[in-house]
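So the structure is just underneath, and the comments pick up after that.
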Amino acid sequence: MLIQQLKQAIEALLFVAEAPLTEQQLVDHFAAENVTRKQVKEVLNELQADYQERGVQLIHVASGYRFQTRSELGGIIGRLWQEKPVRYSQALLETLALIAYRQPITRGDIEEIRGVSVSSTIMKTLQERGWIKVVGHREVPGRPQLYATTSEFLDYFSLRDLSELPAIPEPATTADQPGQIAQIKLEITAERATNEE
Amino acid sequence: MRQQQSLPLGFVRGKPVLEKPDDLYIPPDALELILETFAGPMDLLLYLIRRQKLDIIELPILPITQQYMEYVEMMKDLKLELAADYLVMAAMLAEIKSRMLLPRPASDEEEDVDPRAELVRRLREYEAIRQGAQHLDNLPQAERDFFVAHANTTARETVESPLPEVVLHELALAMSEALAQAKLLNSHQVQREKLSTRERMSRILDLLQHKKRLRLSDLFEPHEGRAGVVVSFLAILELVKEALVEVVQVNPFTEIHVTHREQIYAHSTT
Amino acid sequence: MLIQQLKQAIEALLFVAEAPLTEQQLVDHFAAENVTRKQVKEVLNELQADYQERGVQLIHVASGYRFQTRSELGGIIGRLWQEKPVRYSQALLETLALIAYRQPITRGDIEEIRGVSVSSTIMKTLQERGWIKVVGHREVPGRPQLYATTSEFLDYFSLRDLSELPAIPEPATTADQPGQIAQIKLEITAERATNEE
């Protein structure tokens, strides 16, 4: 397969696939043509460059590559539809930020930091949107659920991974450190257990 | 009347509402707005500190507590149903204040922890999270700032779903299962010999679909040899036995015909 | 509005609109920016030229302009939706087997042996596949159709004639099964070997 044909095919695939496509999915798609990973990478890079200044761009998000419109055009394109885009409340954004930046985290942790009880509506909304999920339990009385963000969350905010989130200050350490270290250890255990399932 | 200073009643679209209307009348909608203005007591506390341009680390507990209480009192005055969380914070501030006021026993100096430390930690963490929330809000969001791009394709319509594969062995197994179900295995032993006959039966019936009458002699193919003739003959006998065809000879020594039974009826009625 | 911005916006709009967009719809969309029909036309022409050699092309169809994949790529793109072949049901296989081994046979005969009614879907599937056909009718009330296998059936299974159909194996359900006992024994041995590892 000529690289020019491969480029056209990958471009077309990315425009018609229902979800973002990963490098691996693309390599697999062309298994019959013996297309190498290197070729796929090369084509993706070329396409990203080609579309740099266009109305749509090739973006690498958590679940793969997809074409999406330039962010600056949001307002103009939004006119196509009657409804205005949803604006999220401060409470929801703070809850989401806590889960995103401090995951895995329990509802209790969120309430402690925000100083208010977390509304069930907010947690339900976040889960229904597929942005957060339960990744385990903290092994303390009551075994509270530990929440983390999903790849849908990253996709929605056009991010590839959590490291792309703009930085915020690290949590301040408290006097009673040993307790916190033990806690972190437990969290990791819980997460591992979930992954093995 | 309580002294107002410049405490905001709340924020409307991010702008602080500083003045209570002179006549003390607050439209019901505004009350709710005020309630929803702060995302919680931490938010309020942080606002008070920032407004006074104070340092969180050096948290000046006395003025902050005083201002916080004023705000809470004002909310009570306005008959707002105050969230319990605000009162919890008020109690916490009061406790810290009282501990600050108590003289510290000299002997405990090593274990002495600033009573504000925990609140300061929480405030800093909350401030960080507020920043995080702001970052999230500023990130490009799907369906608000960007839209996933799609092109039309006719490729999907041309996709044919592949037909299931069957191997011969599966077919034999299925037959065995079917017969086992009927507990008819012994009486239905299928012999290879007989299968040629059954195939020939199907062929004769098929021929009769197109030609209503077949000459018996046409059903014997000389090139098949003796075995072929036998198979055809057995097939015809089997078809007659199963009452699927009729063999007719109008006069002795004339051509023998194989016909569909239906054909006989048709002829006899006309 | 600069022509460059307008081009990006129209390009993005065409990639997100649910249906093709007409020149008129585009002119209306930019009413607030006083974009002229001439400008829209110009942009559309430019876009058509830009995408001439790409994996997707800007096509003018009856109801307007839309981006669609190059027709030559149909096969490669179609693979995205290519399903894995499913398997036929046991009921279908048994029906086919009965027709093959006991032809010519009526649906009633099959039902009698299998003890359950034969679904019309199964008969339809087998006929559509070209494996069975009606070779006549049994002259009894209702004149049921007689089914037989076809030469396509023989071709599919690489048989010269029906006599090449395999002999029917003993069903696996009967009691006296030396074969099965041996098999169980082997399984136990295999399991032991695994445990010893």
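By letter and in written order, the chains are A, B and C; residue numbering begins at 1 in each of them.
The working rule: a residue touches a chain if its C-beta (ideal position, glycine included) is under 8 Å from a C-beta of that chain, and two chains touch if they have at least 3 such contacts.
The shown structure was predicted, so the numbers you read here are calculated from the model rather than taken from an experiment.
Visitor: Measuring from the mean of all protein Cα atoms shown, which chain centre lies nearest?
Guide: Most central by this criterion: B.
Visitor: Select the chain at the greatest separation from chain C, using centres from the mean of Cα atoms.
Guide: Chain centre farthest from chain C's centre: A.
Visitor: Report the inter-chain centroid distance for chain A and chain B in whole angstrom, where each centroid is the mean of the CA atoms.
Guide: It comes to 18 Å between the two C-alpha centres.
Visitor: Cα centroid separation between chain B and chain C, in whole Å?
Guide: 22
Visitor: Whole-Å distance, chain A centre to chain C centre, using C-alpha means?
Guide: Chain centres of chain A and chain C, defined by C-alpha means, are spaced 33 Å apart.
Visitor: Going through chain A residue by residue, note those that touch at least 2 other chains and give them in order.
Guide: 12, 15-16, 56, 67, 69-70, 73, 77, in rising order.
Visitor: Would you mind listing the residues of chain B that make contact with two or more other chains?
Guide: Within chain B, the residues that touch at least two other chains are 147-153, 155-156.
Visitor: Quick one: in the complex, what on chain C touches chain B?
Guide: 12, 15-16, 56, 66-69, 71, 73-75, 77-88, 90, 93-94, 96-98, 100-104, 112-115, 129, 133-140, 143, 146, 148-149, 156-157, 159, 161-163, 165-171, 173-174
Visitor: Going by the contact rule set out above, which residues of chain A touch chain C in the complex?
Guide: 7-13, 15-17, 29-30, 53-56, 67, 69-70, 73, 76-77, 79-80
Visitor: Give the list of chain B residues in touch with chain A in this complex.
Guide: Answer in residue numbers: 36, 39-43, 45, 83, 85, 88-89, 113, 117-118, 120-122, 124-153, 155-156.
Visitor: So in the complex, which bits of chain B are touching chain C?
Guide: Residue positions touching the partner: 147-156, 158-159, 161-166, 168-182, 184-185, 188-190, 192-193, 195-196, 198-199, 201-203, 205-206, 208-209, 242-244, 260-262, 265.
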